[in-house]
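Okay, so chain A shows up in both of these, paired with chain B first and chain C after.
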Partner chain A sequence: MPGLGEFWPYIIQGLAFGAMYAVTGTGLVVLYQTTGVVNLAFGAIGCMGAHLAWSMLGGSLSKPTPHAEGWRILAYPLLVVVCAGLTLAYGICIAPLLARRDPLVKSLGTLGLALLLLGIMKERWDTSKPRAIELPSKKFTVAGGVVTTTQLVALGFAILVVVVVTIFLKQTATGTAMRAIANDRDVSSLLGVPTRRIEALAWLGSGVICGCVFLMLPPLFKSLDQGTLTWFIIGALGGAIVGQFSSLTVTFFASMAIGVIESVLTPFSNNFQFMSDFRKMTPFIVAVAAIMWISRRRTVVLAGREMR
Partner chain B sequence: MARRFMAAAAVGAMLLVACGSDNKSSSTTAAPGTAASATTAAATATTAAAAATTAAGTTAASTGDTTAPSDTTASDAGLVGDKSATAGEGCGLNNGQKATGNPIKLGNVTTSIPGIDFTTGPAMMKAYFDCVNDNGGINGRPVQMLEENDNGKPEDAGAAAKKLIETDKVVAMVGGFSILDCPVNADYYTQQGYNVIVAGVPAECFSSPNIAAVNMGPGYSALGAAQIVVEKGAKGKMVTMTGKSPTSDYNDSLAGLYAKSKGLEWEDLQPELPISDPNTIILDAVNKAGDGGAVVLNFTPPEGLKLLKAAEELNLIDKVIWGSSTPLNDNSVAAALGKAWAGKLNVNAELSLLDDPRPEMELYRQVSQKYNPDAPLGSFQQMGFMIGRIIVKTLMDMPAADVDDPVKVNAAIKGIKNFDTHIVCKPWYFGGLPDGNVPNNYDYNVVPDGTDTMTLDKDCFKIAEVEPILTAVRKAEVEQKLNVG
Partner chain C sequence: MTAVATREATLAAEPTHHGIARVTKSQWFSPAAAVVMFLVALFFIPAFFDSFWIANFTQMAVFSIVAASAGLLYGRVGLVSLGQVASYGIGCWVTIRLSFGTPWPFPIIVIIGGLAAVLVGVLIGLPALRVSGLYLALVTLMLAAGMEIVLNNFKFANGGPGFKGVATSLSDIKPTRRPSFALTDVTYYRFLVVGAFVMFILASLLLSRKPGRAWESIRQSEAAALAAGIDVTRYKLLAFALAAFMAGVAGGLYAGTVPKGMSIDAFNRQSAIFLIAVVIMGGIYSLWGGLLGAFFATCLLKFLTQNVIGHQFWTRFALSLFGFGLLVNLIQSTRAAEKKGIQA
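After this line comes the complex of A and B, so read on.
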């Protein structure tokens, strides 16, 4: 079992991934609160944007990690625009068709989009060769652990997003309208809230967050691995579940905890090897534990008898 | 209510998921394989000059001290060197005429799943077949490649082989790049009388009498990398790494045996594929190896690169001596690694350098450029090309009436020996040996040059005999004159 001091470099790595989980969770929660949709295509949309940016940066099989030079630096904003555009397009064109269906159907619609994008990416960008996007980054040592500016930006961005979105939802008219729609879409509509426009705004906001996340995620993963990036969302759902798809603050801290736990379990070996082997289960274990905790006082009627 | 439902649905989805170069070579590298042969009486002045160049390159590119006794000194007997290629010049008949008539069907089972995608190998074999078909085919008839994906599932691998042999009626099984084909189908191929040429991954590709590989697979290749890192001074502990898969216990086992035989501790790490947390995984590996230890990677380029870039980010490059099995011998890897890794990653190369100037490699590059232009040059592609050369030459040497008879075709495959190609160190043969076949058992060591090319660090060297199969193979090579002309 590693000594306590040996965990520090792993905590640094975990904080960076936790931050990405947190921002993704925030995007999911805001969209869910407004539209009732858990956007399972979040990762696929981001991955598609990242692949287009890689191509625009001049990536090729002989240059799998292209560097931004001259006009090609526009690839970075392009990534955000593509993510925002794809998300908004789905929100305007497809999501309204499913608006009155139950939440599961709404979310399955986004799963369909994810699979479609995954298929396109697999067809267009051969998965057997390496691809990566790097951001200009510097590194320095903190208490023996290497920290990169990309990791710091990821952490700072996560905190910024949570604070700004929280204030936005509570202090602005649009934010209030979003919360109203989350409570009751029909009543809000009767009261004059422009539900379609507000929902479109929520999709757009979620898309912008998606684009920003996928500016940082490929450099953290060191690759544009389609499967890993597309299903990154699954890990991020853990934090959102702990926050019950409502509390951004709880989502943030739960996501950070998941990232750090996943990371610090890596060096365990010998008798504790199972902890390392199962570290990728962390989001699931945390989510299941949270659901059990949340449901602990729920009354269930079974065969006519109330049971706790 | 809806929130609870969504939470439950989300957890369900999570659990479901849980279960669930173009080459820009610019260097003028001497022809590998010529260095050792240069010491023979027949060596030409040109070869001697090439050897001198190679030796100089080796010194310049070496990392670490080389005080450890060398286990990699090549026996120069039988190296291909500059001998003419058995398959001759050009593709097939090389007459520029389109092949016509019923195609001669050849099948293969290949793996293509996230994290393990070997399709670049068969794609290059098909490119060679396309070139053959544009140049007279097999005595006028075209070759057709039928490929089935095993999807990483044993049941799919079994069904694929049956479909190819019983439904599609392929006359030979050649060019499979699979993690499952050999263990699942070796007995079936024996029953059907098929002698199979593969690019092998699991142990069964090297321990089955009726299967022979053009490569030596992750087991022997990681062993070759282990030999080099020990020669370069690795001390204390060797950590080997390979992705979790049905073959993962075998992949690094031979390297482990070698490390132990040299008094090093050995630990094998098997992260899940695709790797999603490269920083923590490589940090763990280097910490376990300790300063001056060795880390030997056994991954495909996309996965290996993640770990190497993470090591660079975490300032871990100079803490250990780095080795890798063949897949990272790819110029796109060298381009991605850049200056930080110049000369510091020892990649075992089962096949010749990508810019080897000898005719067989020149033909490979030409065919790749014309018929497979989107693919970079790389080891898997070399393997596909080499298998294509072997089977086409074998079919062309048969009477035209016999090439549709699987019995005769597979008898001809079994009889292949002393097949000179500049792509491997020694002539290739099928063998059909009772304990298994490892016809490719001499390797190169290459290192990234800091720009965009893998350069020669050590010429053809002998893979260590750490288990009985290779010992038996080498004995049979001499007794049966399988690769000594």
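After this line comes the complex of A and C, so read on.
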């Protein structure tokens, strides 16, 4: 059993990863609320953006971790633009074609996009070679533990995103329109809400969030591993599921808790080694438990109404 | 998925009992066609193809069982499980472990592997009793991801000591066992074809009888099935158990195709997603869909690699191909449904 002092660096690390889960969860919730789509291609889109940025930064087999110099610093905004563009393109071109299907089929469509992008990445960037992107970052010590500026920025960004998105949804006309569409798409359309435009805006917002997450995620992982980054989304779904794809606050706190628990299990060894070995199952265990709790009363749908 | 709309439309237009009868009696697996296909696979393919293609048809036979099991859940019961890979992995792990740890005949340990997978299948099925649709897909995807972590930690046995049976020294790694009557690649291929045929017949028998009719009813309306006195809980669990058994047996059969040091790559999250794309592309409303999907995923890709571009392009690009195919299928089925005036 490790001493309490040993946990501190892992708590910091867990807060940073939890923040990434939380921001991803926010992007998923806003998009699901507006369009009924769980964007399972979130990770693949971000990974594609990160790989393009890596190439633009001058990355090569002899230089697997390139540093931004001169004009190449534009690779960072390019990453966000690529993610936003890909997400918006899917939202405008493909998503409307599936708009009348149930959320399951709409979400399966994004799996198609994820596979499509993953295949391109495998063909273009050899998966067997290590790659990484670094952000300009400084290290300093807080209460005996080393903290990086990337970790702090991730945490601050998560709080900012949740607060701004919550205010946006509650206080602005567009936010109200988004909530109206989430409530009833057809009635909102009849009342004059430009559903297509609002949905496109939700896709764009989700894409920008995706870009920002993947600006920070590769430096936190210290790797551009395609599998890890693409399927990061599965872990991030945990918080969104606990928040039932509706509450941003619950999603935020659940994601932070998942990130911290997952991280603080790392130093366990000897008799408790299994806790360290299986720590990555934390989001799945939490999500499955949440789903079982949410659906503890079995329901069936009869004539469009949910019956207990 | 184009078939989704067609069937939806047919079932909506015709009296329900007529639709069910038509499906169970004729569409699932024509016995004559199945026997012809079985004989062709058993005798024609080994006689006319070289060892490279035999290896590919072997992979196809294994994959067809897994694809058919996932298609059965989706197409027949209306449950999208992204966790079939977990059952596949469990079947493989148990078979390999028992093949090193016991002198039991290979077919017996494959069946035990299948039964072990049933436990996982039922475990996955338990949340399915309460949730469906998107939440079920997400739960099963998470279970598949969880199983990847478990397999990553346990690793596949390779003749080492202890419960895990993992040897760390290269010199201690032993080859995976095959049945004594199927030691060569061709005989093992034939053994696999027989195994796949038995699995397809088992599924077909259940689909054409009472469970099949109950599943069809649940797929159309769970509330109506409950009202009609169908034990929804029992039949949903039976569906998960059958699908898991098929996937577990496939995993066990797959164990014999890898001579040494099984990797977990075939059982990871990406494989879970790839499987559902293959299943949807092959077609979910017929067991033949599993076979077709498996053909696309194995032999067709190898053919393209050999004859069109080569240099592993198609193997790497396979994910894109199936991703694109999945999207096209979903869009086409939506269009077909809208044309028929049905909101799918």
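Please note the rule applied: the second predicted complex is superposed on the first by the 295 of 308 C-alpha atoms of A that agree within 3 Å, B and C clash if a C-alpha of one lies under 4 Å from a C-alpha of the other, contacts with A are read in each partner's own complex, and residues count from 1 in each chain.
The rule is short, and it goes like this: a contact is a pair of C-beta atoms (placed from the backbone, for glycine too) under 8 Å apart; a residue touches a chain by one contact, two chains touch by 3 or more.
This is a predicted model, so every value here is computed, not measured.
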Simultaneous placement of chain C and chain B on chain A, clash or fit: clash
Chain B versus chain C as contact partner of A:119, first or second or both or neither: second
Touched partner set for A:281, first chain B, second chain C, both or neither: both
First, second, both or neither for A:103, with chain B first and chain C second: both
Touching partner for A:85 - first (chain B), second (chain C), both, neither: neither
Broader residue contact with chain A after superposition on the shared chain, chain B or chain C: B
Partner chain in contact with A:291 - chain B first, chain C second, else both or neither: both
Touched partner set for A:237, first chain B, second chain C, both or neither: both
Common interface positions of chain A, toward chain B and toward chain C: 38, 102-104, 107, 111, 227, 231, 234-235, 237-238, 241, 280-281, 283-284, 287-288, 291, 295
Touching residues on chain B, where the partner in the complex is chain A: 2-11, 13-15, 17-18, 21-24, 112, 114-115, 117-120, 267, 272, 274-281, 283-284, 287-288, 300-302, 305-307, 309-310, 313-315, 331-333, 335-336, 374-376, 452
Touch list for chain A against partner chain B, complex: 2, 6, 9-10, 13-14, 17, 32, 36, 38, 40, 60-65, 102-104, 107, 111, 126-132, 139, 141, 146, 148, 220-223, 225-228, 231-232, 234-235, 237-238, 240-241, 244-246, 262-263, 266-267, 269, 276, 280-281, 283-284, 287-288, 291, 294-295
Chain C residues touching chain A - in the complex, by the definition given at the top: 80, 127, 129-131, 133-135, 137-139, 141-143, 145-146, 149-150, 153, 222-223, 226, 268-270, 273-274, 276-277, 280, 313, 316-327, 330-331, 334-335, 338, 343-344
Residues of chain A defined as touching chain C within the complex: 38, 94, 97-98, 100-105, 107-109, 111-120, 122-123, 227, 230-231, 234-235, 237-238, 241, 277-278, 280-281, 283-285, 287-288, 291-292, 295-296, 298, 300-302, 307
